[in-house]
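Below, chain A partners chain B and then partners chain C, in two separate complexes.
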Partner chain A sequence: MPIQVNELSKHFKMFKREAGLSGAFHSFFNRKYETFHALKDISVQIEDGEILGILGENGAGKTTLIKLLVGLLHPSSGGVNINGFTPWNRKSDFLKQISVVMGQKNQLWWDIPASESFLLNQKIYEIPETQYKNTLNELVDLLSVQDKLNVQVRRLSLGERMKMEIIAALLHRPKIVLLDEPTIGLDVISQLKIREFVKCYNEKYKTTFLLTSHYMHDIQALCKRVYVIHKGASLYDGDFEKLVNRINPKRKLIFEFSEIPDTNKTKILSEKYIFNLNDTILHAELPDKELTNLVSELFHLGIPASITMEDLPVEDTMRSFFMAPEKFLE
Partner chain B sequence: MVDMVRRYFSLWRCFFNNSLTRDLEFKANFLGGLIVDIIFYGIQFFFFSIIYSYVNALGDFTREDVMIFLVITFLADTFYMFFFSGNLFHLNKWMVSGDLDYSLLRPVESQFMVSFRYVKSYALVSIVILLIMLITLIIDYSKPIGILNMVTFAISFLMGTVLWYSVDFIISSSCFWFKNFSVSGWLSHEILKFSTRPDSIYTGILRKVLFSIIPMVLIASIPTRILLYGPNYHYLIGQLFMALTFLSLTRIIWKRGLLRYESASS
Partner chain C sequence: MNSYLKKYFSVIRMTWIQALEYKANAIVGTFAIFSGLAIEFLIWKQVFQAQDLQEIRGFTFNGLMAYIFLCMIVGQLKSSWATSMEMIDSIRTGEMNKYLIRPISFFTYHFMMFIGHNSTFYIVYTTVLILFPIVLPGWAFPTILHVIGFIAALLISIYLSYSIYFCMVCFAFWFGEVRALVIAYNISNIVLSGQIIPLRLFPDSVRNIINLTPLQFLVDFPVSIATANLPINLWIPKMGMALFWCIIMTVTGRVIYRSGIRVYGGYGA
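Presenting the complex of A and B:
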């Protein structure tokens, strides 16, 4: 078990003041503090080579959890054990095993080519020359950035920059990689390429990935298991598909008849199922079993020209989940 | 130990290469920085030489002593600029923005990372110019200055730089406690001005403070005395003691500060 998190809590002391100038003056002389519980009793185990998605709305505590796991923050209580290390002791051997990519922060120098920052990382992580060259060549090939290595980072597109950030993070072959919103702001193609890369890299090297993302397609494509945090507390730990089905078990059907079906028969059917029929096209959103029954009955109404069944957009499903998560998990 | 020193020196060389590559990227910026330095030191030198031309001595420093002292203060300033100013001056900003995160995640001593990561490479040219000026003044000095004086001066100067770094580091690290202490850089800057005047002008409690709690006179005045009047082991031992004490303080404060680090939100 590479990562074990036990009853981890983190709270911050924050000063509170009323709005306006008088509030500012008042708080200058008489500062009032309140405790903000960013994480409350989080416990989770993560297996070797797993890709775990960490989900939660803004401010839920995802980034705080990641920062505790890499040792940037010290917890208020609880413990973390990563391959026998306590992260916040920041032992050199521990730091060589992990890596973090933060979608909204850069580790690369802005004004010089990424290749210069890679060389620096080689020195920092004491990567032997041959290993460095092989790893760099492989990552550059996988991410298709051969021609961008010697371009100043500031001249790269956001997608290219993120690829370079990922290369910088993986040069030392970390065992655990924490990706904090790695696809934020990227176009659909760049998002897809990064997803494909993470999947392929994880399969090849069995590297453990922890991923936070607000793009549910990232999670859907990469994470079998998700850990949901809500207001700093653990809300769900398990299979992502099961969670989605629990939130919205419906699927979408588009059934196109070859000719307009009998009105009386469709009227009878509408008493059993909810659907919309416009001339020859029928739309329905129903749970899986009901949908199968409906399809078999539709065959009796007429010959289909086409049938499409699809899952409802996972983004919409998760949006409704985050608006009232407790409702779905009771 | 030797391996560690070798590793950190090799890392610093890499930092320097990175910084030089970046600085050379912007020709105007590189030359501009150099020109700003030259103008700054030129004006300071001219200004003080005018002031001191009206007096024959300042405390126990003669006019030619003062000239050497001035070049040593500039040299100390440039040394500091070269190694540390690109780092410590920004520590508060990095802390508030969360940019400190990546420095703390490296398998390298984090104090080393935040102290040496960015080198102001153009200051190297100023260092060379000031060294030439200092050598010229030493050669032209009315009395011969021996090798022993120069060697002990180098040691004393090094300890002065350690003290300068330590005082600035302690002030800059206070942002761990104050959350946002953006004036820390300027506060250090103003305190460090005490080092740019000969120690003999300070009297009473202020003198005691500047030799102990805020040991600014140990940065340039004492090295100047050692260079001009020969090694004074009383001063050297005192300087060594203060340098070690302050350096240890930076370690303690940094480690305690890290416990309080909150890192900015994403």
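Presenting the complex of A and C:
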């Protein structure tokens, strides 16, 4: 078990003040502090080679968890064991096994080409010359950025920069990679490429990935298992598909008849199932079992020209989940 | 070169590459010091001429100019206040995360950045210092021993200055914004280390207080060696004291840093 998190909590002391100049003046002399519980008793185990999605709305505690796992923060209580290391001790051998990419933070040197930052990382992580060259060539090929290596980082597009960030993070072949919103702000094509890359890299090197993302397509494409945090507390740990089905077990059906079906028969059917029928096209959103029964009955009404069954958009499903998560997990 | 040295030399290398991206800034920054020297020259010229003085507290005009010129160079070489500002910002904004996730020391990384940024100064001023005894014989560096003593004291001064700044930077873990502290120290340090007026011209009571602090080793000490204002028999004890301050400030910085990192919020991402 490479990552074991036990009853991890983190709270921050924050001061609050009223808006405006008078609020600023008042707080200068009489500062009021509040304790913010960013994480409360989080426990999770992560297997070697797993891709775990960490989900939660803004401020849920996802990034705080990532920061604790990578050793940026000290916890208020609880413990983390990663391959025998405690992250916040920041031992060199631990830091060489781990890497983090933060979609909203730049880790490369801004004013010089990414290739120079890669060279610096080679020295910092003490990567042997041959291994460095081989890894760099492989990553550059996989992410198709050969022609961008010698361009100043600040002149790169967001997508290109993110690819460079990923290369910098993987040069030392870490066993665990934490990706915090790696596709934020990227166009659909770049998102897809990053997803494909992570999947391919995970399959090839069995690297453990922890991924946070607000794009559910990232999670759907990459993570079998998700860990959901809500207001700093653990809410769900398990299969993503099961969670989605639990939140919204419905599927969508578009059944197109080759000719307009008998009105009396459809009227009888509408007493059993909820659907919309416009001339020859029938739309329905029903739980899986009901949908199967409906389809078999529709065959008796007429010959289909086409049948389409699809899952409801996962983004919509998860949005409704985060609005009232307790409701779905009772 | 072992991997530890390679690691930190590569940081210096990066700062060189970065500095070369902005060549105009590098050139202007290197020669900015000479404008300050011109002002000092004019002020002291007036003082000596108006009072018809031959010397002030043992300084002839030429000796004073040599002292001030060397003070400016040493002051520039040891000043890491710009690096300190960057470090404070990196703690406040969470930029520090990128150093903490790597097997590299925050203290040493920024020390190397500071050395790297100052490298152009080192090259230009080394040339100036080599030319100094040739162009102005007798003004400074009477023997090769004085050159060696000056270099040793300068290296101590550079490290000591950085470690003092580092201690102040670490308070950003608790207070977020401590630039005012660094600026206040920087101003007092410029005056009290002898960078503008030689310490020998200070009243004895002030000098006695300064002698209890590490400030005397930042500028006055290396320059007094170079200009032969400090007897050779005092070099070793003074260097011992300077090294003692280096140890004190390094340990203090480490203690503050270790406590600070526990409360670090890593904000910004």
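Note that in this section the second predicted complex is superposed on the first by the 330 of 330 C-alpha atoms of A that agree within 3 Å, B and C clash if a C-alpha of one lies under 4 Å from a C-alpha of the other, contacts with A are read in each partner's own complex, and residues count from 1 in each chain.
Rule of thumb we're sticking to: a contact is a pair of C-beta atoms (placed from the backbone, for glycine too) under 8 Å apart; a residue touches a chain by one contact, two chains touch by 3 or more.
Bear in mind the structure is a predicted one, so any value in this text is a computation, not a measurement.
Asker: Both complexes share chain A, so when I overlay them there, do chain B and chain C fit or clash?
Answerer: Aligned on chain A, chain C clashes with chain B.
Asker: Touch test for A:S92: chain B only (first), chain C only (second), both, or neither?
Answerer: It touches chain B and chain C both.
Asker: Answer with first, second, both or neither: which of chain B and chain C does A:T135 touch in the superposed model?
Answerer: neither
Asker: Take the contacts of chain A with chain B and those with chain C, and give the residues found in both.
Answerer: Common to the two interfaces on chain A: residues 12, 63, 67, 70-74, 90, 92, 95-96, 98, 100, 102, 104-105, 107, 109, 111-112, 116-117, 119-120, 123-126, 152, 180.
Asker: Could you pull out which chain B residues touch chain A in their complex?
Answerer: So the residues of chain B touching chain A come out as 7, 10-11, 14-15, 17-18, 21-22, 25-26, 98-99, 101-102, 104-108, 110, 259, 261-263, 265-266.
Asker: Quick check on the complex: what are the chain A residues that touch chain B?
Answerer: Going through chain A, the ones touching chain B are 12, 63, 67, 70-74, 90, 92-93, 95-96, 98, 100, 102-105, 107, 109, 111-112, 116-117, 119-120, 123-126, 152, 180-181.
Asker: Could you please specify the touching residues of chain C with respect to chain A in the complex?
Answerer: Answer in residue numbers: 3, 6-7, 9-11, 13-14, 17-18, 21-22, 94-95, 97-98, 100-104, 261-266, 268-269.
Asker: So in the complex, which bits of chain A are touching chain C?
Answerer: Contacts found on chain A: 12, 63, 67, 70-74, 90, 92, 95-96, 98-100, 102, 104-105, 107, 109, 111-112, 116-117, 119-126, 152, 180.
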